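Chain nomenclature is as follows: A, B and C, assigned in order of appearance, with residue numbering initiated at 1 for each chain independently.
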């Protein structure tokens, strides 16, 4: 049970001009599951290694429950890091891998084997203790790596891209396993990923890091509904950014005057809405009803992406293929932008 | 783990590094000094008189050191050339194809890198006598192929295992003849391997002693044989000069190829034979 | 042309050379060691050569000495090479120079190293002179015998000098391709630095160390010129003894010499077995 505070954490590698991580500050409440999200090379793994004590920060501090841990050796921090490629020791059996941390603590072998058995049970691999890691599938290796980390009952668990090497169907299984173990044991957990879907699926809260700096730190859904800026919105698949002026209630722009949800800021800015929130209008809507001409139709199987021209402005929409079966390129149709799906940045 | 090390740890590294550096150059120092010494008697730490006598002797036309140098270069060059000629096709077969009995072929090619020369050369000697190859340069070159060829094959097998023959098919489909395809497509792709493997073959041949001694019967006097003779006859100054001449090509080759070398290449095993 | 034919033709020249020269040499040697040589009228194979080798005390002394040389050199070189590789893995002032000298040393033939050792460690060599300078010894005879000595210290020193870089370069490359992440995992699971080395790095580099050590052992067991320069007359290293017997004026000693060579070959066959077991990377690059 540890509250992790990261204060102005900075890392400049020798010889590098730009810092790999620039004054990152983050509070991770006890027992929460937080994602550090960002494109590769944005300093995520660097951050994790500094939390784990495997890398020395250039400046800044890492505190556990208010106490700086920078002087603690990695083996004494109570932090375990699980690497993206699992890194199971290839010359050890699965059971020896899982028991490694306990052996290093010179725990009685009988006790180790008992706890290894329990742990393998917990990650649902009870019969594989004698196998070599090379005989396991990727998903099984991942679970062994998780078991090996959890058996030492860390205060903080660090996961590097925990789902990225897994097939789609394994991802959800692993997600459920990680979430349930994490909640059961109440371990403060931080994982890094470059994949926004992975972050959203797994994390309580997401910290988006772009160019070595933190952009936004929020619950996952907020990134879709209320992004702080265009770069953040784009990282989460946002497409439509229309310049104009807001008075806090409505937005004046090329598309006309559109009603805004409560809490929108005033002043000049950009209106953003997600392509999947653009609706084909029934004509009955009271507000934010526009007429669009179809410039292009891209059929994607389960959805269809439309390029629309509204008042000489291009707008992207994603709709259910059935909804536009009767339309072709060049046709006009009514579109509706629901008030609650709009946001000004 | 790139955590910064304590000052003590860093000083320890520098200190052990210094010990290692000293140890690595130590045996070469007396050799170098001897080559410029005019008598260097116990208990003098350094010679009282210096002289170029040993070098003048080594460089003179009559002493035979230069003849021996050219002969050694010739033998190593031919052995290298033959190793390339024979080793490249074999490397291609081992690197690009899977076939039955491949393990056995690999083992047979590997064996000469581990079995010492003395174990095979005595048997070869009696055969070469009956073929008239003993005491000849040809015989010496042939017997040098035993240690040089395996490294050539190993290096080329490594190169060919990362080589995509589709490039050759592409060239053929664009109208290149087999010969042109080899010249313009295959050769440029495998050239780094040929260079590294060839240099190893050269150095391995360059350092052979017992094979040359037995097959050459003392008539084919390469540089190491000459060096050995001077070393055991107590002419330390000339030994020093020949020793310096003898290590020079290796150093030059190293300087030329440092970028091609890495411990991961199978060729590094060749250093075990030098 | 079928693939099989292609493979056959590609391998033919190399296999011809290796089979005829290497295996042919071994086979002819084996035949001669059994006194079987139909071309010169010897049609009755026998064990005479082996009997006289195995009843000769000198052979056992030579064998023991050679084994001692090879084993001691290999163990000391391997341990120090691992240390050197650990050193070279981190940057420090002088690392470039050590690296460079490592590679230079690899190209210097053993023979030159042996002569260098002779000039350093003989009783009138550089170290003896240094000892005299500091009045540690009164005459050359007071300096401990490090060359031509019964324990083959000079020979072992020479091998250690040459093989530290050889094993070191292989181990270093091994460490670099393994990377540091396994060690990071171990540290974060609670292993101390020593435990990380003992339980993680050492087992990971062990196959590489072993295959390099096997090569070193086989080489140091079968090398001729180094013990010929630095070794005592009696007992001599096995290859030196074999060469002496082979070039004896008494031609009857030749089969004995070849029998010794066959003993060396058999020992290297054991080495090859270990080598193949622990080195999978060799041919597949």
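We adopt the following convention: contacts are C-beta pairs under 8 Å (C-beta built on N, C-alpha and C of every residue); 3 or more make two chains touch, one makes a residue touch a chain.
If you're wondering where the values come from, they're calculated on a predicted model, not measured in any experiment.
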{"item": "Least step count from subunit A to subunit C, where 1 means the two chains touch", "value": "1"}
{"item": "Of all other chains, the one whose Cα centre sits farthest from subunit C", "value": "A"}
{"item": "Subunit A and subunit B: spacing of chain centres that average the CA atoms, whole Å", "value": "55"}
{"item": "Cα-centroid distance, subunit B relative to subunit C, in whole angstrom", "value": "16"}
{"item": "Residues of subunit A engaged with two or more neighbouring chains", "value": "53-54, 74"}
{"item": "Of all residues in subunit C, the ones touching two or more other chains", "value": "184, 187"}
{"item": "Interface hub residues of subunit B, defined as touching at least two other chains", "value": "1"}
{"item": "Residues of subunit C defined as touching subunit B within the complex", "value": "3-4, 6-7, 9-11, 13-15, 17-19, 21-32, 39, 83-84, 87, 90, 92-95, 97-98, 101-113, 115-120, 124-126, 128-130, 132-133, 140, 158, 161, 165-166, 169-174, 176-177, 180, 183-184, 187, 212, 214-216, 218-219, 221-225, 228-229, 239, 242-243, 246, 254, 257-258, 261-262, 264-265, 268-269, 271-272, 275-276, 281-285"}
{"item": "Subunit A-facing residues of subunit C, complex", "value": "181-182, 184-192, 195, 199-200, 203-204, 206"}
{"item": "Subunit A - residues contacting subunit C, complex", "value": "49, 52-54, 73-77, 79-81, 83, 85, 87, 89-91, 100-101, 103-105, 148-149, 152, 158"}
{"item": "List of subunit B residues in touch with subunit C within their complex", "value": "1, 5, 10, 13-14, 16-18, 20-21, 23-31, 34, 42-45, 85-87, 89-90, 92-95, 97, 99, 105-127, 130, 142-143, 145-146, 149-150, 153-154, 157-159, 161-162, 203, 206-207, 209-210, 213-214, 224, 227-228, 231-232, 236, 239, 243, 246-247, 250-251, 253-254, 258, 261-266, 268-269, 271-274"}
